Structures are given as C-alpha cells and as structure tokens.
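Some structures are shown below for you to check.
Shared chain: chain A. Partners: chain B in the first complex, chain C in the second.
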Partner chain A sequence: MRTKKTFLALTAAAVLGLAAAGTAQAQDDPTKACFIYVGPIGDFGWSYQHHQGLLQVEEELGDDVETAYLESVPEGADAERAIERFARSGCDIIFTTSFGYMDPTNKVAAKFPDVKFEHATGYKREHPNVATYNSRFYEGRYIQGVIAAKMSEAGVAGYIASFPIPEVVMGINAFMLGAQSIDPDFKVKVVWANTWFDPGKEADAAKALIDQGVDIITQHTDSTAPMQVAAERGIKAFGQASDMIEFGPETQLTSIVDDWGPYYVERVKAVRDGTWEQVDVWAGLAEGHVVMAPYTNMPDDVKALAEETEEKIRSGEFHPFTGPVNKQDGTSWLAEGEVTDDGTLLGMNFYVEGVDDQLPN
Partner chain B sequence: MMRVELVKRPQQSALFSALSPFIALLLTLVAGAIMFLFLGKNPVDALYYFFIEPLLETWSLHELAVKAAPLILIGVGLSICYLSNNWNIGAEGQFIIGAIAGSILPVVFPGFQSWIVLPLMLLMGVVGGAAYAGIPAWLKARFGTNEILTSLMLVYVAQLFLDWLVRGPWRNPEGFNFPETRSFHAYAVLPEIWPASGRAHWGFIFAIVAALVLWFVLSRTLKGFEVKLIGQSPRAGRFAGFSRARMVIFAFLVSGALAGLAGISEVSGAIGQLRPSISPGYGFTAIIVAFLGRLNPLGIIAAGLVLALSYLGGEAAQISIGVSDKVARAFQGMLLFFVLACDTLIHYRIRISRRLRAKGVEAPAGHA
Partner chain C sequence: MLESILITIATAATPLLIAAMGELVVERSGVLNLGVEGMMIMGAISGFAVALTTGSVWIGVFAAILVGAAFALIFGFLTLSLVTNQVATGLALTLFGLGLSGMLGEGFVGRPGLKLGRIDIPFLSDLPFVGRLLFGQDPLFYVSLLLTAAVAYFLFATRAGLMLRAVGDNHTSAHAQGINVVAVRYLAVMFGGACAGLAGAYLSLVYTPQWVENMTAGRGWIALALVVFASWRPWRVVAGAYLFGGVTIGQLHAQAQGMAIPSQLLSSLPYLATIAVLVIISRNRRLTMMNTPASLGRPFVPER
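Our next item is the complex of A and B:
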C-alpha cells in the first residue's frame, strides 16, 4: 500500500513539474510554423516536398522560427482535431497541405482568428485568416507532353491519374496539348488510381498501361512505384512532385518538382513582420514554385526543345492553353490565338481532343 | 529437451481477474517506456505527452469523447455477441452500412428539411446496421455457416459499396468531382453536447446510455442470464428452454444496430458528409475494446476511453517530441497483447518440464 502511494505521489509530482515546464515553453519568442501532411514524409512525392519546404523555413529563419508537423493525417474527422490541436499548441501559422483539409481548415480558422491558416489547393477562404495557395503544375505537364511525343516510338503515353478533379484533368489536357504540338496524332491512355498515395495500386496501373503498349509513363500520384516499374520494364517515365532520379537513373526524363520552400519562407516571414494578408496564390515556373528536374536520358535536340519550351512559358511568351484547341467531342473550345482564363482552368471538367479516356462523371 | 506448457489452473484468482486489465496497462506503459528509450526519447516525457497531456484541457476531453463514442457503442454491442458465443467480426461493415442508410435523407433528399430528419436518420442508421448484421446471423442460424468468415467478408462489401456511392451516384454535384457527398444541412447534423467548449456530439451520450442499458440487461434480467448461459453452456441453455438460433439473431441484431447507430452518429456528428473512408477501423478496434473491458459494458466505457486516448496521445507525442505516428498503433498492439497474456496466465500457469512426455497430453485450449 505504501509503495502504491509513493508511486502515485511521484507520478503526480512528475505530471505537475512537466506541466509547468510546458507553459514556460509556450512563451518563447520564435514564430511557430506548423504543417499537416496527408501522406508520410517518406513518400518522396507530395508530402515529402512540403516537408522540404518546412526544412527550408528552418534553415532560412533559424532561431526565429519553431516548426512542428503531423504526417499521415486522414482527411475527415481526424483532420479537424489535428488542426485544432496545432492552433491550441501555440502555432502562429498552420499549413494544411491537402485538398481534403479544406472544410476542417475553415472550421478551425473560425475559432482562432489570431492564427493564420494556409490551405494548399483549395478554393474556400471563408475567414480573413485563411489563405490558399497552389502551383501551376500544368506548365510542367505541357513540357512533359512535348518530350513524350519526341521520345515515344509507339506514339502513346500512359497517364496514372488520382481523382477526376479539375487540377488533375487540367494536367492531362496540358500534357496532351504539349504532345500534340509535336505529333498531332499522339495518344494518351489514362488510368484512374483513385488514390494520392498507394504504391501497390500505382505499380499495378503502370504495369497495366505498359501491357497496353505505352512506352512512356507519367503520373499524378505521389509514390515512386510507377517510376520503378518503368525502370524494370525498360521504358521512360516522368517523376512527380520531387526529383525521382534516384529511383530511375536510366528512366526519368524529367520531373515536375514542387518547390514550396520560397512560399513558406515568405509567408512565415510575413507573420513575423505582421504583414500577413489573405491571398490566393497560383504561381508557376516564373516564380520558381514549379521547377523542372534536369532533363536526362534524352538526345540533345529533345533537351534543347524542352529547355526552349520551358523558357517560353517562364517568360510569359507562351501559355500552354492557347488556341486553337478543340474539346474531346470535336467542338471548338479556344479559337486561334485565344488564351484561356484561370477560372476555366480551375473548374476544368472536360478533356481536349485526343485524350483516349472517358472522363468519369 | 525442455518443454513449456500451459496448464489450466484449478481455481482462478478473483483478485487477479479484476486487476488483470490494470496489470496489462502497466506492462504496456513499461514496454512503451522501453520503446521510447530505444527511439532516443525521454520515456517520462513521452508517456506524459501520450497519456496525460490530452487529459488536461477541456477541448481535448471533447475530442476524447468524439473518438471514444464509436468505440464504446460498437464495443458494448459486440459484448452481447461474444458473451453468447457469436463471433461477429463485421462491426466495421455494419458501421458503414448504418452510416449509408442514415445518410439517405440528407444526401438524396437535401430539400427535405425539418426537425424530423435527424431522428429518422438515426433510426435508419440503426435499422441499416441491424439488417446488415442480420445477414451473417441468418446464415448461421439457418445453414450453420461460420459467422466469422461471413461477417468479416461483408465488411469488404460494405467498404466497396460506400466507395462506389461517393464516387458515383452520391457524389456532390458542386464538389469539383472530389469523391464525397454534399455536406449535410443543419437539420441533419447531430448537435454538440456543450457547443461552447468543444465538439463532442450526442454520439457519446448514446454510447453511455447504451452501455448502461446493456449492463442492466446483462446483470439484472432473464435475457442477460440467457445470453451468458447459452454462451457458456449451450446444452444447459437448451435444457432451460432457450433457443440457440434465436439468440444468434438477437445478438447480431443488437450488435449491428449499435454499430449502425455509431456509424450514423460519426457521419452526422463528426464528419458532416460521406467520404470514401469514414472509419479508421473503429469496428476492428472495438473488438480490442470489448475484450479490454472484459465484455462488461461498464468496463467497455473505460476501455473505449483508454483506446481513444492512445489515438490522441499519438498525435500529441508526434507534435511535442517528434515520434512517428506509427507509435500509437504499436501501443494499441502491445495493450491487446498484454491483456490477452494476463488473462491467459490467470486461467493457466506455465509449467516447464524437462522430460519428454508421452502422447495424450492435454493440449492447452485456446483462450480468446
């Protein structure tokens, strides 16, 4: 009995002591930046790149910043709790880095007006302390399309897609248009994996596409599995989100690298300076938010063409969605020389001509 | 050659039977501390963030209730099944079907807005879950099929059905093609118990009420006696005039109804819409909860709270000391392991013998 009491007393003492330590810590000076990831930071894709952004924030702001993150947070009831926990644990700015966190982010933001919330890829900014940000990945996809049409002997590429949302449909269309600028008869086969991260499913999709005769693979899912399958089968592929060259030294043509670091540094600094404002950022190659990994495993003329295309898009001389462009059913969408507006892109729910797939509706 | 045997104890210590879950908890803490030590973290800090910090703030207690509600609701239902020797492993599927059935009104008829919507939704959730549990029950009572297999496989059917619904016919027309239904309107949302302080919803009240009612039924009524008698000795049950087939149906229907109620409560109270995945495995975790609570509805309340705490603590530890999110799962695994190990050692003792024994040694019976 005595030992039990002693134990209880010790536990209580330990608890109280630690609680005191906890409150003392919260008054520290650095700005606290917190990140919520939908996948594991080891996915070498989407979540990995956001985490690279966190590391850059730490590197550039040093002692002025304190960071924290939660990985593999499911989109749903758990997300709201995770975000609220961050808001209550003294975070000054919280980055929620998946579309499915949109409603939870806005709900928690309503309760914590002094905390800044940054939601990636969403469209709801219901409170003044919620900003949204995304990148113009379609610019990189257009370049990939150009390369694919140059490199493919079969004249058909395989596209592993996640969900039929505008972001993904836009990417497929940009890839198609890039390829058509070289070879008007080029074909794209699409497989819907219905997941952002599932190495097994993604590998199966890649195998199925290769068995159907494609000799280039590109993906809008986050794992390195498709790259590895392509490497095994001896065909070429494009990386996604990060530079995946390690997973296919002889395979990767290039990769669209999401470089969130500059944006994260800028926004955390803004919180520190008191200049943070609600924004809706959609930046691309020009701002350095989208970066092309080195052009590898291709002849020099293809590389030169890719670099030239990249430069034209970066300088604003050329927009990937420039007419004439027809919709899949053959009706005209953009007239000669016409450039689409951002609103249409952000709500895109149709294919352009030549995509060999039925958009799930 | 040395042999290790489990030998049934002639008598079980009542004291240790009662203490067993606490001993298991303590062993889990010790093993957890060792694990943290190997991860290079201070074990006292880690255990503090894991098990104490989430209990210090009101909002966090609300979250605990949100997380525990489905575990308790499903767990108490399962206890009726397990006590009567019916192995319902499919609560996850009954949870999902309950959620789907309950969501018909707000998703398919969003224009129908009235105070009656919510009670109807709850009722439909209960009926949906019970009906789905009725399938393995009927198959077992009528054809003698193995309910472990049928109920488990129906989980996958339910998961794929939900997946198809939210990607296809029930997809939100304004949702940019994301696989989720429209958000429930105000009349279809299960209210919060005490909105000013946190988001715990009425699902937790349902869980507590269900546990109390089932505790009363099990310990104070003839039906409870029937459940336990048929579970412990089907033959004696038959002599007493109880029907085994009717008990199969009864246990599954009660269990399915509660799982269905948990499903619609979770969707209506915590999520606010249907998504491809609405449960991080509540139906399976509830099996741990049921046994950790020693199949006693009051024990299950405590067990549900402990398991819920391990989820919250996992997050707190991840934020505060940077351990992986997998640690929470490891904790749950260790907890179940130690509970079962303690129970086994209460019923059996270990005998180490050096002699080779002749055939005919009584094989140690499994204890689930």
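Our next item is the complex of A and C:
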C-alpha cells in the first residue's frame, strides 16, 4: 500500500512539474486553439463557417498557433466530455460553437480556470474564463423579410426552423417584421425540423411547405437541401450561414453569411499576448460578422430597397426591433419608436403578431 | 396536393426500403450486420463522386452498389472468416464508414451534384392524380419495388432461397446437409452491402443531390429497425417503410398547416408509431418466433 502511495505521489509531483514547466514556456510554444462543432465541417452551413474561421486563424498566426477541432459533437452530456478532453489535452482557448454547449462549457470552465472558454450564441458567463460571442443574424433576417414580401406573389413564406431557442425565435420575428414593413398581411408558415442538420428531412420540410402554397423558403437549419428543393420547384429561397448560390443559381435571393474569422483571430491573439478578458460580444453587419451574400434573382428596385435597408441597419440608423410591435396575442410589446434591449432579444420566447404558428415550449 | 404528398412519401420511404431489403436477406442468412449506416454513407459518397466525375448518374449508381458490396465484404471477412463478434464489427463498420466517407468527400462539399431524373411516359405520366404517382417517379422507386418482389420470390419460391433460410435457421443442420454455410453468408452479406450502397446513392443522387457529411442522418438504423418491424417478411418492409415515411411527411404538413400540436411530439411520431406496431406484432410470440432466423447473430465455424 505504502509503495503505491509513494508512487502516486511521485507521479503527481512529476505531472505538476511538467505542468509548471509548460506554463513557463507558454510564450514560446504555439498557442493551442480548439474548436467544437455541432455538425460536420462538411455541412456547408453553420459548422463549415466556423471551420473557415479556424482556417483563417491558422493562416494568420502560422507557427504561433496549433489548432484542433472535434466535429459532430452532440449537445448535452457528450459535449461536456469533449470539452473536458480538450481542456486536459493542453488547449489554451476552446471555442464551443453551439447554443446547447452553454451549460457544459461553464461546467468545464469551473474545473480549468487557466483555460479560456468562448461560447457561441449563449448568455451564461458563470466564471471569469468564459466569454460569449454571437452575431446579430436578425439584422440579416429582417432584410430577408423585406425581400420576401416584395418577391412573394402568394404573400406566404415558409420558414424551416430547427429548435425553439431564442436565437431561432428572434430570427423568425425579425423576418416577420421585415416582411410586415412592406406587406402588413404577410404570412409566415413555420415548420420545426427538430434538427440542425438532416438534409433529407430539411428537403421534406421544404417540399411540405411548398405543397402548402408558400413561394419563398427560408431556413434556420444548416444544409443546402432546402435550396435545392426550391430550385427544383422553381420558387425563390434564402441561403443560410454560407453563400449557397451554387445550389440555386436562379433561386437564391441572398444569404446571411457568418464570418467568424476576424473574431477568432483577435481572440487567439489576445490569449497569446496575455490580454484576453471576459467579453460578451454581439456584433452584426456593422462589424462585418454578418455579411449579406450578393442580392440576386430580384428586380433592381427590390435590390435597391434591400441595400438601403442593409445600410440603415449597418449605420445604426434603424433597429429591426423598433416599435410599434405587438406580441402574437395582440398585446403591445414595443411602443411607437421604442427599441428593444439586447437582453429581451437573447431570451426571446414569444412571437410577434402575424406569425402563423404555435411556439413550442 | 394529396398527390404531391404521396410522391414525397415515396421519396422518403424508398431509401429505407432498399436498405432494409438488403439487411433482411443478410439477417435471413443468420448474420446481423449493424453496419448499414456505414455502408449506406459509403454508397452515398461514392455514388455522388463517381457521378460528378464521370458525368453519368447511372455509373454513379453502379459504383455505389459496388462500393457498398465491397465495404460489406470487410464485414464478411471479419465476422465469417475470422469469426469476430458480429455486433461489435457491425458497429465498427458504421463508425468506419462515417469517418472514411467524410475524408473521401472533403473535396466534394459544396458542389451541386447530378440528379437522377424522374421518368416520363407519354400519356401515362399525365393521367390525373395517379399519373405522376405511378408512372412519373424516379427509376429507383421502381427498382425498390421490383427488388422487394424479387427478394420475396427468391426467399420463398426458390431452392436457393430455401438454402439461405436453412442456413439462417440452423447452420449446423444446413452444414450437415452439405450447404456451404460460410459461402451463402458471404453472398448474403455482399447483397446487403450492395442494397445499402444503392440506398446511399438514392440519398446523394435523388433525394438531395449533394454531398454533405453524415447525410444519411440515421437512416441506416431505421432500416435495421424496419427489418425487425417487418418480422423478416419482405412485403411488410414495404408497409413499414411507407408507414414511417408517411408519418414523417404527414407531421411536417401538420406543422405547415399550423396545427396546434407540439412539434417535438410530431417529430417523434414516426418513432412512436414504429414502437407501437412492434409491440403489437411481438404480442403474438409464436408467430414472432416462427419468423425470426434462429441462428441470427450466432457465429459458425465449420468443423474440419
């Protein structure tokens, strides 16, 4: 028994010694940046764009950085194991890139105070080493709503949604408000796919919506399948996360492109310089985190209107969530001229007036 | 609208049907191959890649069948010749297939693929209501039904089919009768792989003509469940696949209609329906036992 204890103590000492040596050398060693993705990097959507960010980090920091990533990590208990594995393996900064990683990220962060954690799209920063970052996709969705109302002949758009979390609900509302700014009677039909990524199911959802009479499709799931279905059926659609024009050269109106690269480079550099601090970044069109793909397949006047709307949002002249706005049940939410605060948006769990769907709890 | 809903259901059911039909033959020979998902995704990537490279969808389909069979051969060699554990080997095959396909497919991400068009028979395809449904679908839809008829005929009306079932029910007796158990199982496993490969090609060339990683999204597992659901009878697989497809599509339409049912519940309906039918079927113990291949999953080493 005794020998065993000694052995253990020795091992522990050795490990500690190594760890100490590791910290001392931190400046010379490459900084290790690790990424956890919810989908495969080949989804050509959400995870693909995050991976493009990783590639940009590699490109700009060269030998100063070492990267690692895990793809298709399910949200929940598995995520915690994956994050912890990364933390143990010597990552200096870990980006967890899906909403469902929020609690696991904070849990692991408590155990590894020296590792920096960056959680995308969440709002919990329970420890000083956890930062959150997100993009104001709703800005792009508002523009899409404007275009949809201009382009739709049926006056109904189909919305393929993933999970009823604030991020998605916010997107539906922004789209609705954009459309209502053109056509107060515009309708949105929502189908919840209950998945982020299943090309077959997303295609089925698109078909169902088109069969129900919508002539514009927009999606908050990650694959290019809905775009292809729209192309096949000869209606228009919006891309998601990346520019999907290749999948619908005559179909895509525009796409909200997520550009995470600049943020990732900045944050990894901050870890390297020792200037990393907890932040809560929520950037949009103005900062270049949200980029609109070229406006295509629409008349010039619609294009001009879209560009004008984009410019107004970018310059801060207009906020998509500006009153008067009523909630779905008709009660007043924002008074005339009132602009919502970020907190309400990030916790959004209600529809605005006009959305033709029951919000799942 | 009903017509287009039915067509969508057929599209959703066809890949499940093809993959399940292959697995049914494998299981009838007494082998449990849990690698359907892996073989399917290999079929999806090879079909997509070959079609895009050669410019011919049919060569792609053919390549998917070959790759599926070749991939299944790995499973066959491990479990039949080296007598490894079938469950573990099948799971490994799935993981291997998902990983390998992702690697092979890296250069094909984000490229629109070729689509296998639907057939168009003059006059017949234009008939009201049934025209498009019966005479205007993609060719693989017809293949899936012909495949079912062929498997049903083979298993229950031919001598070779009887041999295959004998091997699956009692490999020792079959061996004693002079049937080459291992050879029969090799052929069955490869047939299963070929079908899974074809089902994969259906996904990447018909259903959603594109390549993205994990695009099978669990359909291989559903195919496996359908075989049990069908209690190893070919035509019941058709019923199962269309029931599953029907509920999947139906719930999307219910949502689009704005029906006030929680979408999570609707999304789980296909699975709930499958479980419900399974429970009902398995209540008749005698019938279930009669159809289950008695040697399913049991290894066989011929005495020398």
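Please note the rule applied: the second predicted complex is superposed on the first by the 333 of 361 C-alpha atoms of A that agree within 3 Å, B and C clash if a C-alpha of one lies under 4 Å from a C-alpha of the other, contacts with A are read in each partner's own complex, and residues count from 1 in each chain.
What we mean here is this: a contact is a pair of C-beta atoms (placed from the backbone, for glycine too) under 8 Å apart; a residue touches a chain by one contact, two chains touch by 3 or more.
The model shown is predicted, which means the values in this text are computed figures rather than measured ones.
Q: Taking chain A as the common reference, can chain B and chain C both be placed on it without clashing, or not? Answer clash or fit.
A: clash
Q: Contact-wise, after the overlay, does A:L55 reach chain B, chain C, both or neither (first, second, both, neither)?
A: It touches nothing on chain B or chain C.
Q: Is A:F197 contacted by the first partner chain B, the second partner chain C, both or neither?
A: second
Q: Could you look at A:S72 and tell me whether it touches chain B, chain C, both or neither (first, second, both, neither)?
A: The answer is both, since A:S72 touches chain B and chain C.
Q: Would you check which partner chain A:Q228 touches, where first means chain B only, second means chain C only, and both and neither mean what they say?
A: second
Q: Have a look at where A:E84 lands relative to chain B and chain C in the superposition and call it first, second, both or neither.
A: Touch status of A:E84: first partner only.
Q: Classify the contacts of A:P360 with the two partner chains as first (chain B alone), second (chain C alone), both, or neither.
A: Both partners, chain B and chain C.
Q: Taking the superposition on A as described, I'd like to know which of chain B and chain C A:V339 touches: first, second, both or neither.
A: Touch partners of A:V339: none, neither chain B nor chain C.
Q: Taking the superposition on A as described, I'd like to know which of chain B and chain C A:K189 touches: first, second, both or neither.
A: second
Q: After superposition on chain A, which segment of chain C among 44-52, 62-70, 80-88 or 188-196 overlaps with chain B?
A: Only 80-88 shows clashing C-alpha atoms.
Q: Both chain B and chain C contact which residues of chain A?
A: On chain A, the residues that contact chain B in one structure and chain C in the other are 71-72, 164, 194, 360.
Q: Quick check: in the complex, which residue numbers of chain A touch chain B?
A: Contacts found on chain A: 14-15, 18-19, 22, 34, 68, 70-72, 74-78, 80-82, 84-86, 88-89, 99-100, 103, 123, 163-166, 169, 194, 347, 349, 360.
Q: Under the touch definition given earlier, write down the residues of chain A that touch chain C in their complex.
A: 39-44, 48, 71-72, 158, 164, 189-195, 197-205, 207-209, 211-212, 223-225, 228, 242, 246-247, 356-358, 360-361
Q: Quick check on the complex: what are the chain B residues that touch chain A?
A: For this pair, the touching residues of chain B are 44-45, 48, 52-53, 56-57, 59-60, 63, 66-67, 167, 176-179, 183, 199, 266, 270-272, 275-278, 280, 312, 315-316, 318-320, 324-325.
Q: Sort out for me which residues of chain C touch chain A in the complex.
A: Those in contact with chain A are residues 1, 4-5, 8, 11-12, 15, 102, 105-106, 109-112, 203, 207-215, 217-219, 248-249, 252-253, 255-258, 260, 262-264, 266-267.
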